[in-house]
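Below you'll find a set of structures to go through.
Shared between the two complexes below is chain A, which has chain B as its partner in the first and chain C in the second.
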Partner chain A sequence: MIPFLLRRVVQSIPTLFLASLLIFFVIQLAPGDFLTPAKLNPNISPEQIAALESNFGLDRHPIEQYLLWMKNMIFNLNFGLSFQYQQPVLDVAIPRVLNSLWLVLLNLIFFYAIAIPLGVFGAVRQNSLGDKAVNVVLYFLLGFPSFFLALIVIYFILQIRNATGWDIPINGMTSNGFDAMAPLEKVWDVLKHLLIPALVLAISDAAGLTRVIRGLMLEVMRSDYIRTARAKGVSERTAIWKHTFRNAILPIVAGIGGLLPAAISGAGLTEVVFAYPGITPMILDAINTQDLYLIAGFTVLGTVLLVIGNALSDILLAVVDPRIKVG
Partner chain B sequence: MTRVTTVPTSTPVKAPVRSQSQLSVAWGQFRKNRLAQIGGTMIILLYLMAIFAPFLAPDGLSNYSTSNITRFHPPTPVNFRDPETGAFGRPFVFKYTQQLNMDTFVNEFKPSTEKCPIYFGVRGDSYRILGLFPGNLHLFGTGQPDCKVYLMGGEDLGRDLLSRTLYASQISLTIGVAAVLISTLIGLFMGAMAAYFGGFVDTVIMRLVEVLASIPTLFLLILLRSVFPKEINPILALYVILGILAFINWGGLARVTRGQLLSVREQDFVSAARSLGASDNRIMIRHMLPTMTTYVIVTTSLAIPATILTESGLSFLGIGAVEPYASWGSLLKQAQDGGLSSLNTRPWVLIPGFFIVFTVMCFQLLGDGLRDAFDPRKRS
Partner chain C sequence: MTHQGEVLLAVNGLKTYFSTDDGVVKSVDGVTFHINKGETLAVVGESGSGKSVTSLSVMRLIPTPPGKIVEGEILFTGKDGVQKDIVKLSEADMRKIRGNDISMIFQEPMTSLNPVYTVGDQIAEAVMLHQGKNKKDAMGVATDMLRFVGIPAPEKRVNEYPHQMSGGMRQRVMIAMALSCKPALLIADEPTTALDVTIQAQILDLMRKLQADVGMSILFITHNLGVVAEMADRVVVMYGGRVVEEGDVVEIFKAPRHPYTMGLLNSIPRPGEAHEPGQPKGRLEAIPGNVPNPLSLPPGCAFEPRCKFAVPDCSKAVPALEDTGHGHMSRCIRWRDFAQAQNEVTA
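Here is the complex of A and B:
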């Protein structure tokens, strides 16, 4: 397993390197440089700007600048300075990334809890009334942009709130007076705020996966070894969950790695609608203020997450599918 | 003169069985798929709606009064019966007046008793259909600038939401499709280059594909958009977003094209063409690329709805279509203005979203139908 992991890491280095190159030069294309907004800011003195300029090597050749940026990132974990927040990018970004991760993790739990039973149900009871009803609803959901679904859900929650007076949280991540709460109460409060965005996101994403699982299950169910399993008398439950399902989900496991960053960037629109303090709202702010180091930092972090996710899914695939040799 | 007819002794010559091309087989399959045909028809109707949007819309794209501000004007019901006599007559809407509610300090719209009759074919804002044919005829309207029909209510500047939605369809329906077509061309070209030249070019292109795939899509979109200044010309902003969407989506197709061409290159029909002395260009364009037809048709038709969704998301975030132009996504943005809790006082701003859902579903039906039509396992 360890040599396999090592090889996976080594393989991803060129990709990461080239991605960082692309990100850096895309940012170089942007009008002005990192310090243009700072120069207009009266709170930053010219000496500070000169210090920053030499610090980031902005007076040097772009290639040198890139190497400096890379050196700072790799050896000092220094992604540069966010001008809007006047703090190192990492200090600003990490809490946001964690916030997004909580949302995405809860969302993934709902995602699989919805998609797997529905997909298996659709395959086992193919063309039954339930299957057809589920199919129609899912087809309808496929057309919904996640943010639009979220807006509709919010509209109905507002109606419920007005009618019953329940305080269903739909905004932000914490209630007022969060700091004064006991630790368990804090967890519960955050969970309450996460619940609806995560569920909305899961429902809008699950439509695609359910259809895929249904199709894969149907394909595997027609294969000879399932007939053999049934013929030798295994129970229906074993035939479906152990023999069919485990084979049917292999392509899905192979795609899990992409889910982590895809979910983070896909959660973006939902975060914006629910005013959740995740990554995307901050990036959008960063665009408005031309806070380029922050954008670059988030993009690099997202890319690293994606590469890690891909490696994870390779490992998972090796665990689930014994035909894949590891090492 | 009588005509002598001889009974033919031999059986009539049968028409030779014509072999069917792949496309005609697929067309035959497609003709059997009712849902896909409905999807296709609806798409054609949507495009007709987009082309004739200026005529169908009762108002101009960006028409609002600065003296009589109708911010979030509620939808005006169309009445057919006279409230006093109860007689049916020409449809009309009531003129709305605004009053500040002194308890809540919210501007309230109330219908007055003044009636504004609706006429068909009124003269109003001038426009050009497809940029060529000028006109100022509108399908319906009251012809009075201070008493308009708001079938879908008004938006944050008091412009008619129905008109904005119809105009927005031009952008929403164009950007998604154009971006997919361009990225298909890029993908085919890059894949063919990689397969044809091999070596260094191949490595560079495939690495680029990998790198593009390794950066999360939304971040890449935002990053690329941030290269251009926020306040660029609105028309240019549309082209920018079109270009960005086209640029990030070609990777998958390039990879498949390369793989397909590499495997086809070794096949007999290519060697036959080569030994007949066909040029490289001819082999590539007439013999090798056509093997991709099915794949390209199916992926393109399924990529279009996905790209329409992405475009609506970007416009919703405010980095797609910008004022004065609108797309369905940017029209939904105003649902958020002024805090979400005021959403239930103006639910009509959600209506443009259903246009997205409807369009995407039609494209999905069409794409699924095409995929099934080309899939030999699903033939009946």
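Here is the complex of A and C:
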């Protein structure tokens, strides 16, 4: 295990180096920079622009900028300064990432809680009326963008709210007067706000995983060792969960490391639609304003987590599949 | 060794059909046979003759849908001494029989064991299920069973996974699993087909030895007549979902009464005959043609299109299974001609 981890660390160095190069220079490829709007503003004098440029380091050669950025990251864990917020990138991004993390975690719980039972059901009752009905809904969801589904849900919840007066939050992360609440009340308040966006995203994402689980289950159900298990006289439940499901999820366990970077990258457009203070709106904004180090720092963070996540996947797969050895 | 007359399993008029998009496949179409206690019955036939579907019907493991037992009865006397009709049993009662009274081993030892559990766990599962033992005792039984089937160092092997074993070892594990609850009937569906020849002989020896120890009956499904000669007391020959010949193993080999059985016997290589010095290399006789499409069986005898003894009457109606003497049955309208020809040769 220790040699495996050491080898993984060494292997990740060229990966991360290449990734950082790509990240930095792809952002540079876009025409203009953070100061372009200022340069177009006749009220800002060229002297002011020049002062800002030297302040931000934008007057130096891109390669020099890159090397400085790398040096600061490696030796000081300093991801640079956000132009827009005038604060270190991590200080700006981490509170937003944490907001997103709660949403993503709740979303993942719903995601698996929907996809696993539905996928197993579809395989066990293959081609039944129930399976066909589930399939129709899933195909519909697969072809339906989650942000649009969110808009429809918001519309109906507003109708419900108007009709019943229930307080179903569909916007933001906290209610008014959040700061005055007791700690437990705060948790409950945030949970209420998370519920609808997490559920909408889970329902629309779960369609894909449900199909995958159904397919994997069907494949394993046809294998010889399931017939062996039945010939032993095991119950239907044991045959499905202990023998079939345990083998069917192996490829899913292999992909679980991808959840680590996904956990910090936020819930995408769902955050925008629900006006949720997650990381996605901030990054979209940073891309618009060409806030170089905020985008680059966030992307590097995601890449590091991806590398860690992949190593974690390999370890997990070796734990659940005795045929695979870590090494 | 055989307890004459004590019938363990009686299959009467079994029909197992599969409904497909192209029509109903009559995989097993009115099969009748029985197995006595302690006896080995071989079911012989080409791929598609219905022999595996017959065995899966006895276990009630036909995938439903598309398959279904539509008619017939399967009378089985379990270890409790009570005769039951397997076709009519509830699923819960059937589970108590599977692995306990009737066990099964399969053709493919490489894929018949679950890759994510140790072989000990997989044997112990049946023991815990049917004998109510706790995990620790069941693992003890598993170790004993591995020793019983001749696996060296069973204390170590019991904690190994299937991928750490060879095909022959895995088939021994399958046998250990099947015998762990001392079943009255072992169904062996081509258990040696996927193994190489030396391992085949070992597995067959093992099965004979264990049969003597446990006293069970064996339903042996195979297309290999060499194996039949070695293992079986009686033989059922199947073709196109029906029994075409049934009888004592010596009778079947010495005096076959159905052209299909004769064809099968002629396609076995015999040392000495095949290659005599100075003679051109003898060719094995093959049965011409292929197994008929199960969706459109010929109206008469299913073997008629491939039969070199066929006469116009053969395609008129499905011949009846007739007793040719001493319980030797044949589904051929010309069996008397074969008997006569044979008498002339021996006379």
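Just so it is clear, the second predicted complex is superposed on the first by the 283 of 327 C-alpha atoms of A that agree within 3 Å, B and C clash if a C-alpha of one lies under 4 Å from a C-alpha of the other, contacts with A are read in each partner's own complex, and residues count from 1 in each chain.
Basically, a contact is a pair of C-beta atoms (placed from the backbone, for glycine too) under 8 Å apart; a residue touches a chain by one contact, two chains touch by 3 or more.
Note that the structure is predicted; figures quoted are calculated from it, not measured.
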**Study point:** Which of chain B and chain C A:295 touches, first, second, both or neither
**Key:** first
Review point. So, does A:306 touch the first partner chain B, the second partner chain C, both, or neither?
Key: first
Exercise for review: In the overlay, answer first, second, both or neither for which of chain B and chain C A:223 touches.
Suggested key: second
Practice item. Based on the superposed arrangement, let me know which partner A:187 touches: chain B (first), chain C (second), both, or neither? Key: neither
Exercise for review: State whether A:283 touches chain B only (first), chain C only (second), both chains, or neither.
Suggested key: first
Check your understanding: When the two structures are overlaid on chain A, which partner does A:162 contact: first (chain B), second (chain C), both, or neither?
Key -> first
Review point. What is the contact status of A:15 with respect to chain B (first) and chain C (second): first, second, both, or neither?
Key: first
Point to revise | Touch count on chain A, higher of chain B and chain C | key: B
**Study point:** Complex contact set, residues of chain A against chain B
**Key:** 14-16, 18-19, 22-23, 26-27, 29-31, 139-140, 142-148, 151-152, 154-155, 158-159, 162, 170-171, 261-262, 264-266, 268-269, 272-273, 275, 280, 283-284, 286-288, 290, 292, 295-296, 298-299, 302-303, 305-307
Exercise for review: Give every residue of chain A touching chain C within the complex, in rising order.
Suggested key: 223-225, 227-236, 243, 246-247, 250, 320-323
Review point. Mind pulling up the chain C residues that touch chain A in the complex?
Key: 59, 61, 91, 95-100, 103-104, 106, 108, 111-116, 118, 122, 125-126, 129-130, 161, 163, 174, 177
Point to revise | Residue ranges of chain B touching chain A (in the complex, touch as defined) | key: 207-208, 210-212, 214-220, 222-230, 305, 309, 312-313, 316-319, 329, 332, 335-336, 340-341, 343-344, 347, 350, 353, 356-361, 364
